[in-house]
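Order of writing sets the labels: A, B and C. Residues in every chain begin at 1.
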């Protein structure tokens, strides 16, 4: 990518490149996607051969597809994989034969309530073949014979996933996890992938306290495979984690809390959203959703939440051909990127300090801390911030605790505290706050 | 009783048999009542001779009454014990003499605001004689002389109470306590007695985890006498207890919490009422009321609540001749019985389990756990229940904790968890959860 | 003062005597004020020479003023210290010279939004000279030359503060702190001074559990100086403290909580205000305000709140010539005094007891505890209070805990508990409850 491009340019360009690829949980689509991502970051590939046992799961055979065509007896094309990769049931068995309309019906998937769009359907763990098409097209099918041909192949292969790591000043890690197993889905899946890539790019340019780990995984089985190999290490090092998905549409921000619900991460995100004035909604943890289910399984119970725009499963375009490049936009991606960066900056800047003048208040006047610029309200807000920080920094309250108590933005508190540290009025208790 | 009869038939039949008996805290009425109850359960009688010291109290002389008649000088009957046993002040001294209307007045009790009904008044610990009558009858009394005769007898005797015990698979006990000292009061007192008898009958037919202890006591002095002899043992074994009363009227359900207010019992009852969709109201503990006052005295502080319909003291029929067989009905009794049974089933089924697949989620599909019957909403609810149970069953969360977190019914969670136990995905941490 | 005078008479007389004196943080005004207060209580003076280091602060030179006059070239008097001591900037440098209107402007202080009143402005730690006047007067100034003369003197001297101590039955202390550094400010500062003096007078007439410490200090620097010498001892002995100010206006009561926000004091004040039916508002702690800032600095973190009427900085008369004897009134002072006395009585009476009849309830009837006077509602309230006190007095609940649980007034609970103690049903666990 080009350093002169803005985050939204980068993300949009990558989105357009990744969108057409037909991905699944295994196969060449994943490899192609990782290859593209690998151009911009040193991506380590982890491979799990078909048949590998990963906790309660087994890596399936690799699935690849060359083409698929459904035609009426007169040659009319009903569905063609080359026109849209959603036309084939994900993990469909191969087929090549003639069927009556009645025989065909149980192999056709459509959405009666959204008759103009193609659904995205998969059958990873139950052997089936099928075509997906718009309900309108399905309803128009005439009696007669149809030729169905799906050139898919199952073979012992591998599940492959990519990981990038940015070391920080400490070994405590922040995890950014997204999934790369969906075919042409722009918001669900791809928006998270391009935002994760942009975060890598941005963070690689600056010094940071935490180490950052980026995972590009096939959803569910990929996360499970990853955790079966690296879960214990990740659990030990993890400060906080976010599953990135559905960040490209125009909906307002949603945050899904960690399993514990009151983790530092949950509090930081709530503070950033509230005081950043982003329209948003906070949702409690639920054991359904994306890969946070695996990170938050009871054996791991990691502090992983998910920061989205519209929530998967709740927007009508979800898992359909309507989740396309028209549904997402560069400015929504950019805004989401800024929200992520604010959360990371807040996590990085939160610490616990102790005032160097614990008995009675310090004399602020002679230290030149009173603000010289800004209107009266801004000056007053800054003085209050100073006084709160100094009063509560007894070694027990983090900046987050202080921001929450005074109902102020954590980022503003961090900034004000920096002035107090420079003025010698505040000193760090410890560098990283372990919960 | 007849096994072919429904709970409401049983309860109603017993109610009709017990209603006419003139009971008090001692005397033949109590013995008669215990004899009738003893036909259907092995009732142990505990006897406390008059004069026995029970903590701060002393068992009074036994009181029995053969008749009472108040007549005007012209022979007109004003009040006759044979017409209604409420006509005599409970624990009235005997009397036999002529009185002017003025002399009589301080011995007459009526309700000016409910002029047509007879109040229920007692004077257990202050020596008095008196008649109770409707205010209308009292107002109609003409000047002149009245003959008052009360054939009551005080004699060294005993206080007697009945206890039935159903052993369970553990020695942890659930207490069902009701009072048998009220004369013809259908809702206050008797409805609780017949519901307790029906619970005994129902529980004696099935296997149960807890042992069940049923106490049929004269209120206050009976509970105090019982606790003075068995309180320490009960305290040690008690899992939870309920005082049963006022369960036969048409009002909605009320639950009065235990002294601690947040006991397992309080949470279970709240869950059952909320998710059973019973119209209800939950009240905090108060140190006034029925025998929960004694169980919840600070030296014992037992987890005993009270599950009623209308609350004693709050319905106009309370402690009057209007609390009669017209005020209660069989279907209200039956519904109350079902609420009690749901609470007991929920208490029995609540346990703490641990998932056998703690790392990442189990693969549900291949275990056939996905529901095959039910509409889409029911199927989705069951899958969510499975996922919540599996996610939270880390050995620290009881089914109640899980139900509360997901805002679901504990009974539904217990049922779903049974499937997971059978599928080998869940195992018990310990059989009984001791708070 | 005269024992026959009411609290409001005393306070009002003292207010009128103290109002005209020109006070500052140092100087003769403070000495004069302490001399007047010393007539009615044994006031110990603590002296801090100029230059003394007190934590982060240094005691400034003493400032005294003999007069100040601003005149127009034609002799017209613009501002005269003899007319109002607010006309001079507090801690103004001396000056004697002619100035053009333009030169003068930066030395003139007024309130454009309140054009008829003189502001109260100080410049303790930045060297300046200046006059304060009404905005209307300032706007009317004509071009030309002005003669400004301020006869102020800075000299090595002292900061002096007064302290009175009333020993109680225990060494645990209650602090009453007020400030004496404001010139003619009736509500802000002086109302607190006269109320503190009246509390001393009232408490000196009766036996009390706690020791009471009264501090009359120049604000900020005085409190800091005091704490630098006595802070550790105070912290050790302190049960609770209140900063008294702004108690003479007609606004409703405001209570500013201690730094911890849930201290015994906060709960007691909330209870007294709620159940005393005083219109009021409770505010959380903020590290801005009066001397509670110093007592609540993180090194001390003492349980000190502030009980006011209108809050400093929030009423338009604050820090202006309008905060005068017309703005305060004797009946508001008297009501404030009663609120303070109720809080002190509640603090004194709160204790933790244990029932002497822990198992089952005591038999109240034979102890004559049932109320004989009062209407039905009062009787019922008293019986409930008895039952709650007896039920919750298990050695773990203070009277405050009990009052909060039953949503009753602590003072009423204390009174009822006294009856139970006299009846032998309750005994003290320990005399003073240390938090």
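By definition in this document, a residue touches a chain if its C-beta (ideal position, glycine included) is under 8 Å from a C-beta of that chain, and two chains touch if they have at least 3 such contacts.
None of these values were measured; they are calculated from a predicted model.
S.K.: Quick one: which chains contact chain B and chain C both?
M.R.: Neighbours common to chain B and chain C are A.
S.K.: Specify, for the interface formed by the sequence copies chain A and chain C, whether it is same or different in terms of residue numbers shared by both sides, with half as the dividing line.
M.R.: Interface between chain A and chain C is built from largely different residues.
S.K.: Give, as an integer number of Å, the spacing between the C-alpha centres of chain C and chain A.
M.R.: Chain centroid spacing, chain A to chain C, equals 56 Å.
S.K.: Spell out, as numbers or ranges, the residues of chain B touching 2 or more other chains.
M.R.: None at all.
S.K.: Under the stated contact criterion, what part of chain B meets chain C in this complex?
M.R.: By the definition above, chain B touches chain C via 54-57, 125-126, 223-224, 227-228, 231, 259, 286-288, 293-294, 296-301.
S.K.: For chain B, which residues count as touching chain A in their complex?
M.R.: Its residues touching chain A are 355, 357-363, 365-366, 383-384, 387-388, 390-394.
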